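Here you go, one structure.
Read from first to last, the chains carry the letters A, B, C and D; within each, the first residue is number 1.
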Amino acid sequence: MTTSQETVVLSGHIIDSLILAKVLDTILIMGGTFDLEEVRIGKTREETSRARIVVRAATAGLLNDVLKAIQPHGAAVERESDCRTALAPADGVLPEDFYATTHLPTQVRLRGRWIEVEGIEMDLGIAVDDQQPAARAIPMGEVRRGERIVVGREGVRVVPLERPRERDVFGFMESQVSAEHPHGHVVADVAARMLRLRDGRRNGQPDSKVLLAGGPAIIHTGGREALTWLIEQDLIHVLFCGNALAAHDLEADLYGTSLGYGLAVGRAVPHGHEHHLRTINRVRGIGSIDAAVRAGVVKDGIMAACIRHHVQVVMAGTIRDDGPLPGVLTDSVQAQAAMRAAIPGVGLALLVASTLHSVATGNLLPAAVPTVCVDVNPSVPTKLADRGTFQAVGLVMDAASFLNELARALGRAA
Amino acid sequence: MTTSQETVVLSGHIIDSLILAKVLDTILIMGGTFDLEEVRIGKTREETSRARIVVRAATAGLLNDVLKAIQPHGAAVERESDCRTALAPADGVLPEDFYATTHLPTQVRLRGRWIEVEGIEMDLGIAVDDQQPAARAIPMGEVRRGERIVVGREGVRVVPLERPRERDVFGFMESQVSAEHPHGHVVADVAARMLRLRDGRRNGQPDSKVLLAGGPAIIHTGGREALTWLIEQDLIHVLFCGNALAAHDLEADLYGTSLGYGLAVGRAVPHGHEHHLRTINRVRGIGSIDAAVRAGVVKDGIMAACIRHHVQVVMAGTIRDDGPLPGVLTDSVQAQAAMRAAIPGVGLALLVASTLHSVATGNLLPAAVPTVCVDVNPSVPTKLADRGTFQAVGLVMDAASFLNELARALGRAA
Amino acid sequence: MTTSQETVVLSGHIIDSLILAKVLDTILIMGGTFDLEEVRIGKTREETSRARIVVRAATAGLLNDVLKAIQPHGAAVERESDCRTALAPADGVLPEDFYATTHLPTQVRLRGRWIEVEGIEMDLGIAVDDQQPAARAIPMGEVRRGERIVVGREGVRVVPLERPRERDVFGFMESQVSAEHPHGHVVADVAARMLRLRDGRRNGQPDSKVLLAGGPAIIHTGGREALTWLIEQDLIHVLFCGNALAAHDLEADLYGTSLGYGLAVGRAVPHGHEHHLRTINRVRGIGSIDAAVRAGVVKDGIMAACIRHHVQVVMAGTIRDDGPLPGVLTDSVQAQAAMRAAIPGVGLALLVASTLHSVATGNLLPAAVPTVCVDVNPSVPTKLADRGTFQAVGLVMDAASFLNELARALGRAA
Amino acid sequence: MTTSQETVVLSGHIIDSLILAKVLDTILIMGGTFDLEEVRIGKTREETSRARIVVRAATAGLLNDVLKAIQPHGAAVERESDCRTALAPADGVLPEDFYATTHLPTQVRLRGRWIEVEGIEMDLGIAVDDQQPAARAIPMGEVRRGERIVVGREGVRVVPLERPRERDVFGFMESQVSAEHPHGHVVADVAARMLRLRDGRRNGQPDSKVLLAGGPAIIHTGGREALTWLIEQDLIHVLFCGNALAAHDLEADLYGTSLGYGLAVGRAVPHGHEHHLRTINRVRGIGSIDAAVRAGVVKDGIMAACIRHHVQVVMAGTIRDDGPLPGVLTDSVQAQAAMRAAIPGVGLALLVASTLHSVATGNLLPAAVPTVCVDVNPSVPTKLADRGTFQAVGLVMDAASFLNELARALGRAA
């Protein structure tokens, strides 16, 4: 009775990130066995560890399954070989058995050298140019017929995230939802990071942009002034939202209401529910939000602050929208592409009160970007983690309370 | 000290629908006073009632506000006049002060006659052709420059819904969320109505289509077989969904997994999270879901049943989508238009496990269409009611439990 | 074919509270008919209205059912008679057909006079002393054999609540859950009312106590300092809580942790989950919380502030408790009695982050007490309303955000 | 610069349970270092592994902290010594520094021998009798002055759970909440286990009782018949509930309503909300639920089935209760003791639709008891896991859907 075997190597912070244990566990669960041929464990948190593991299974098929299962943990087959590739058979179609990315840093072996995959993001393919050599993550829809795409798992390795140096809320390997932890610390850590990033940005450091993706509950619950202030303080640099957040922000400016609820009087006003329609219609008449701000029709608020402070805004449309406002990207593929284009350089992501935008943005973010997901519904951060955005810290708060507390932590009066 | 006054008339089931009380209450709250000049109350549930109310306010402006506030309850100013209109100033822009619709049956007075507004839906404008004469609800984005649009509230009246004759769960005036009521009755009433509608449809009766708008949790929680069965029994005639429901349905067929969770083995399978990507890629390679079904690649499930049973499917894209599948309408305005086009003839709407699709569909449905909103999260039906879809009965259940119980109530074994 | 009939009288704010409409609707729904013999409608919000309604039904039984159904709306049968009574058959047992109270102001007719029922609360019986004459609401468990108890519905009338004069969030007839309204107004209205009540209390006005019933999430989410401050400012006068809130408050003082989470360091500390046990054990060793505060072992926080500021505290035990702390009333009947005894004089109730305490306190509060229910889970205020506490304004916020915002609105720095 | 050091030994399934990795990680995080002196890793899932670790820290205090932190993972200091003990200083008070239990199997070393701690449960002390020798977990409140109690962590070891042999939903080390997994498998696995346990129970096997702890939503959502059937089939052997579940079950029998909602007519019936009060009053008049069943007053339902099938019922009171019913243990300490007494012999726990009972029961269950927590609110199973009941499988379903599906999986028709 024979078995197949293969030697794999794991290296990095494989102990304190639980990776060695998970790999061994996976082998056993799937029915394989192993020898730990060599384990060199780093004695400090800075030193990396390394293990060579001989994996055995009853059949070559099972062995292959096991190797596939442990490869995402960084277990590279020792007999290193170049990645295999195939040509895309048609526009918008990847070859069979294409390698599907995770959002962890990833390398492919091309002509004997390990090359970093650019633009990493989960659930994409990898297009390679073996002349350069170069590799980049590519959405299925953007593939062109004949492009060379990585297939199989050989010659691909992912690099587990290192635990960050800061001892803040982001310094953990797994996402956590904080319904029952004091929010103050999380907010304080986010604030501290935002200040560091603003400093970094002013000094030309890379990855110093702060992204906020948010839903209209920011307006409804009363967080509009705080978010406007954050933008005016140069603390937010990219905004992802939908038609509703923009429309309700503009409604608040033009009519003093949100969903028809009078913000000053504290109760629903007659026909207030029509205000967002009239707002959208008016801005459509003017032609653009930008023009409405420049013309002085829209005086204050989130959108006005974004325009005045050169915040990059991507507004994506949905089938719920009225109007929509000019500037809303109604095509979801185009909107996704615009969001994708705005991600490079982001060093902190705040996902606030929008399941759709939180999950969509989570899908686009590399695992290395510290992420906070704020929602009054605890299942939103949970869903985000289930969808793979494991780095997100969950915070169970309403949007206004979060933004008000964050702004106060950053020095806003009241 | 003078006051302005105006006489309004209310008629219909103004007592048992609480309309009279709400109107009087609104007048008082806003600072007006009234005389009830005549109240003729129907003595049975079939007889309608009628009240003439003299409304008084300190200023003409306040009087106007009061009249605006009570007009949505059907309070027509007695001195009847034609509706006022204005020309749309540009493509996609309604005139200032355009009348914004509710989703209740609505009439406009043109050349002395009350005309029914076609295609009523909430939050639209009303375009009129006073030659015919005719009136139809029109989305802001579809307005063409120069079209004649109703402005102000004069000459417009909405007709309160009558309580339906059936004594089932839909026989109430206000939406209700049923987290703590036995679900059995609601499901039984829905099932009975579906059978009546199928019979009606076979006999050529109008408004006998059943619409289901649903999210991917239908697949994840295990409701795929039940929904497939309902379609095969000719009990569902229109399906609104997104890329995810379709992709996970096809994944279940091609790989036997849902979100990478093995449906047969009952646990996550290695690399299962890639299956939906491979599914989408494969169908993109084939060209369409229809072709994949016809080619025998996709054998079973919701999408296959829809194709075989000529169910009208509208798949709308979002920024969360991978792929997307061929056939997904990625432009939200186009998708909304396709959904709108499929609404006429719908006599029952089931909104299952999708906040986005539930609210979007709720926006498009006339108030007269009985609607059930099923979600394990009680805030979804609440949000739907808050957004105006007051006729929706809420049911706090997971998608699979609902669909399985519904299918059993309709005769499915097991 | 004969019918039974009876004349009932409705008076009060029966129009703006929708009571007339509901009564007429109920009669029709149940299969009866009516004549409106006289309707005198108040012309201003201060004037009351009055209606005489002849109710008819096909049988005496049905008529009786209809009268029973409309009686809770204040529809008193005109042929006024004294209430009927029967003797309690045993300790803790009410007579068959006992009248079950609502939490609205209620009167019974004794020897020709309408007498106010003392200590009104929902779901109790009414004990009468027809010598005095006097009437009081009595819990089932406190009834003694032979006590005279009201039975049937004759000679009992409930008084609909008048809309309060203040135009604040409490100025509505029906509860509302504010997930999507700006919280600022609700918090501002609560704060303004607390200041008025503190002034009133200092001037010896009745019904000027503020009650807070809360759960341990107040500590976990970070609201301990704000609540302590509110108590120290003499803004809270009665506290209902359980073992957990007290234990975690004391743990924060003794160990600086909450649920083992280090409040200063912002992360879980080793063996921190044992701290609440050690805290409870320590206080048990000392003998009482009071002694622990007086001995200087416990220095700060909610319980210390309650002791120093003579806040009345009722701690009720549950089967989840560790310990429990000395002072916890482990018997639920005794705890309920202690809570009941603390209710008279309460002019505002804040129910914060505890389903159990919110519903239990809601059960004990008269309808006239303005009530706010704060929970991050929107189904808690909904459940409270479903259980009859219709006067509660719901606020979907986490406990810490609410208490911090409330304290700031009342002048707390930071 | 010197360091303190200590050698600890880990053995068991320390690889596939991630224990080795967690221990090493903890040492590093706390600032210690280590040498892995010996690692013997089991080659199959049955073979256990063993590691000797030299732990070093800069100070003896830090070393002690590290040892305390890794001890719950089973890391016993090699220089084995007997456990230390101290005498309880007063009734109901444990000595300072008492050892607080986890719910994992635990042993203490007495006179050189490792003794199993009886009645293990989280958050208790350990009382020892070193004459026997014997050890048992003891609640704080039950300690008597002078009892010998384990203090510190020396001479105490906890035994990590082994992964169970069955490959069902319980075969995992960590709890999981299944909002997005097909429920069918979980229910099927629970059903299979219930059948095995019933067989086992009939054959006199230990640990073959099935416990259900549930809330009144079982009745409200329509699960009463299914639960009654499960009891009649001898599939449930212990029931933990409150006054409400029992009252609503009896109300359904006496009045055909649940919370006043007519179960047969499918809508609220007049004065239905009084039915539970009348039910409670009636049973109080009779004297006990048992007498009401024997007298034929109560004919059917959950409580009747429990009495007829000798199911052990513990009803615990709360401050929300009306009445309460005879038999409800109103004292929470007594109720907890009665629940504790019913736990031995339980081989499966179903926690259904009650946060209070789920958490309270979770606190009492040893980690080795497979547990399912069913709630329509996903935060309940999450909270249970956060409170330490890590073995619970979470299922996001309403109570009726779960019980109906479970009963069907066990052979119930319909």
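For this structure, a couple of remarks:
Following the convention adopted for this analysis, contacts are C-beta pairs under 8 Å (C-beta built on N, C-alpha and C of every residue); 3 or more make two chains touch, one makes a residue touch a chain.
Fair warning: this is a prediction, and the values are worked out from it, not measured in the lab.
The interface with the greater count of contacting C-beta pairs, when B-C is set against A-C, is A-C.
At the far end from subunit C, in terms of centres built from Cα atoms, lies A. Centroids built from CA atoms put subunit C at 38 Å from subunit B.
We define each chain's centre as the mean of its Cα atoms; on that basis subunit A and subunit B are separated by 33 Å. Computed from the mean C-alpha positions, the centre of subunit A lies at a distance of 45 Å from the centre of subunit C.
Residues of subunit B found to touch two or more other chains are 179-180, 379. Those residues of subunit A that touch subunit B in the complex are listed here as 30, 65, 68-69, 89-90, 92-94, 96, 98, 100, 123, 140-141, 270-271, 273-274, 277-278, 280-282, 284-285, 316-324, 330-336, 339, 355-357, 359-360, 363, 377, 379, 388.
By the touch criterion given at the top, residues 15-16, 18, 20-22, 24-25, 28-29, 33-36, 39, 41, 43-45, 177, 179-180, 378-379, 382-383, 386 of subunit B touch subunit C in their complex. For subunit B in complex with subunit D, the touching residues are 168-169, 179-186, 188-189, 217, 220-222, 258-259, 261, 263, 266-267, 376, 396-398, 400-401, 404-405, 408, 414.
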